[in-house]
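There are two complexes below, and they share chain A, which is joined by chain B in the first and by chain C in the second.
Up next, the complex of A and B:
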């Protein structure tokens, strides 16, 4: 297997720039979201499910924040793809929990998220959030 | 590797998505078998170490008991207020918060001339001219509970209801949950980078205790985080005793919540100011006094604490009517949270005295405060078996309060007393450069303005000699068909109110306390608690037929009650 540059830092920069754009878009309801990266970095300590759930919690109330969290999750899933970890992306919290905690397959392929996958995903998410914080400090 | 069955449902709540179906700590689900908050708290307590964390040996420590609940928001979970979790899984009062309040107190003491100028900078650090920073010599290590009592009663239900109590029948919010510590004893630590002598340590603890007297953590103006010691700048204190319905915790047990005093008195402040100016100004004035969240969170000028000296919780009623009850005695303290020029200080003292006395004369505190305690004034009511607990009863406690705080010793004094309360409010307004406008009032149900409210009263021979309580449960006037007078009733009308609808009548039995000569010290008056009570009925008329008929009845068809306010113009 050859060298794979996952480009975490670049993805993080893109996310932060997106967040800036979202904040500048007056049509989207909700509070400023740029600084959510600090919350993201904190919530990593509580694991994947908690992190994923934050975009659901903001839905309908703070749409801007919700989008930022979801975009970060999607990017994480993209990054993990080449590493052969399939991150679930379900809109139902109960199903999502079962997939994330390795109880049911993540998708129709029948693949399960193993404990190793969970740890790997969390490690990458931590790194990604560190990058987000770094870029946030640059742009704010 | 063995796989865990049903893994997702074994994950502790803290690590779940904070959404419906997984975990919602802040949400109170009525009649749920177990609230998420309870389970969350159990999971936390279960994994915390049995012994408290220790401070290092070079750290000076002191313990402080708090009079009621204590909360420091971790800020980590949006949507729920819960403590910071520190070493060993124990709740933690952060050193940074400690330093913040310490610095504030040190500044205040410097300005008051009690501390040498520069002391605060020496202890807490200072900004230098070249944008550099010189650190202070003190390190604030924060605080931990001294023992495992903190694990009890963590789940705290909060009901925001000012809107509903004073202004209109629109409910805001409902109940929500926070996690707070019940009557904890905290040990806090401070250390110094240079050795200090005992005298200087005394000074440091004095500054800290000044800070502490304003309350620790958040929601201090609502009575949270108040120390069990009478320190700080006390404007007014008095002793009270009362009985009534206790607040229910999620598990159904009762709790006496001292924030009922603040809630009631804050509400009365709104009513009084709302009768002297428009809604916007009244709300601004009240926010300055008691704090609030209008246009950004403000800390009020006043902070309240209630130090109970006796507290019993019990139950009353049968079956589904069973309710937790309290009987309580204690001291109510109002402290000033920052410096005020002398004239303002005096006016504020008068105002908070007046408002507290107002609350005592016309109502009570806590649930069902608009009604006299039916157990005392209408015991027959409960002979019928399944009946709800209604009302509360409060009295001044002890000689000092009975001499100073009883302003209504005769029925005729009620009008003067109201004038006195309104005068105190007007004086405070003027010092805040707000002009009282006697012909305006807030458009609220209970703004205290002569056009909006009437007070009627009589003197009674005892608690059971209570007339108006019957109006609440049946007709106040029998029909006299021969002269065409129909039965008069406010039962189940907008006047008495119903579940989900605040009524427009307050009913209070206020104890008559006379002043007599003390035979041993003839120069000093002595309070004499009599058997008599003033029965006071406060009505906020609306434009309903029942309201009109009741006023007609009071004005023309009965002789027991006299109109006490608004007083007829001389």
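Up next, the complex of A and C:
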């Protein structure tokens, strides 16, 4: 294959359009999630754990925002799959914490998240959020 | 017709050669690029301009020293404009004033430090054909050989592509065939030649990754031999992939110009630059009416002047491009090749 792009712009545009749909739909009653992308870009500076934690924080209170954050994480995990980096995606915060810190395997294969994987995931997440911000600027 | 020579540029700071902030206010200031690989270049005219400006300074210093020796009172060292002796209301640039005084004293400038001799005389009004002359020394554009790219979680790697390596080979006369990614015989994915400090099977970048890396120990032969940086993480990618990797490698900043009296943004501008530790190469042609330059003997048979832009050295720090005042353009230039008495690479073998 050789050079393989993550296709970040395409994923980011899709995410932003989803957020825009939610915000525009009166029936769904969104929580103004479009502008969450700026917060996402800010939060990557604090690491993967805190980024993932944000969707937990919104859960039950601002469900739409929570889903936007989670969707972004899901897409990051999808992007990193072909690069052979398995990003944990649990619903249990305790298990997530351990997996993200490389204390227990990320899946049944016994693979751990290495420091190198963490740095890679964070770099890709940063780029993805940059793309999200760009598309948000375009549509807001 | 020509002696062959070349220059290797290693950037010690980000290097921006392209539009400058003053020309495109509030915009993105892009660097000049090669049209095929879309990678950064320094035009030959910019290189010549730098060499010309440096030699002009040497000519000025020569004039000042000679005039001083002849007992002429020189204007203050920092005075950029000087009153004309004939007409005190007329202000002349310092160099022009020195030239006029030197003419009165019949002081001539040796060819060695005369930039108009080597790089062609600029146009002057009132003379046939503007008084221009053909340059004795010609520069072509500098292209990248290796550009360092950030790899998250991994060491920085220097990237090149067959097209850029081919130009390097053309200029230096390197005998080996250009290394390129090879498709395996059974139609398997291409294998990318790499030399990596630690054995790895893939390299990650911000926007994608490379796999199918093939260990290639002699890849380091493609790093210029006097290079100060000697990277040990090298990878050669396809010609069509270099542009996206080059784009990830560029140094980018958004800057603001504040208003003079209040802390309020007057305008925004962004700029890009080649990162530090990039390696570029440019060819130089020296007309063969100029005697060959042998560093060891440092004399020509007929006593005529030779082109020695760095005096008796072949390595010098020079500033190229714009945004110098905000930390760009610091480079180290090494001159090499046939004209400088270097044996071609194949003579080593």
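In this section, the second predicted complex is superposed on the first by the 133 of 140 C-alpha atoms of A that agree within 3 Å, B and C clash if a C-alpha of one lies under 4 Å from a C-alpha of the other, contacts with A are read in each partner's own complex, and residues count from 1 in each chain.
Just so it is clear, a contact is a pair of C-beta atoms (placed from the backbone, for glycine too) under 8 Å apart; a residue touches a chain by one contact, two chains touch by 3 or more.
It should be emphasised that the depicted structure is a prediction, and the values quoted were computed from it without experimental measurement.
Visitor: For A:68 in the superposed arrangement: first (chain B), second (chain C), both or neither?
Guide: Neither partner.
Visitor: Quick one: classify A:135 as touching chain B (first), chain C (second), both or neither.
Guide: Neither partner.
Visitor: Jot down the residues of chain A that show up as touching in both complexes, chain B in one and chain C in the other.
Guide: 115
Visitor: Going by the contact rule set out above, which residues of chain A touch chain C in the complex?
Guide: Result: residues 1-6, 8, 83-84, 115-120, 122-124, 126-127 of chain A touch chain C.
Visitor: Please output the residues of chain A touching chain B within their complex, sorted ascending.
Guide: Those in contact with chain B are residues 39, 42-43, 46-47, 49-50, 52-54, 56-57, 93-94, 96-98, 100-103, 115.
Visitor: Which positions of chain B touch chain A when the two form their complex?
Guide: Touch residues, chain B against chain A: 1, 3, 6-8, 11, 14-22, 76, 78-79.
Visitor: Flag every residue of chain C that touches chain A in the complex, lowest number first.
Guide: It is residues 152-154, 181, 189-190, 192, 202, 204, 206-212, 237-238, 241, 244-245 of chain C that touch chain A.
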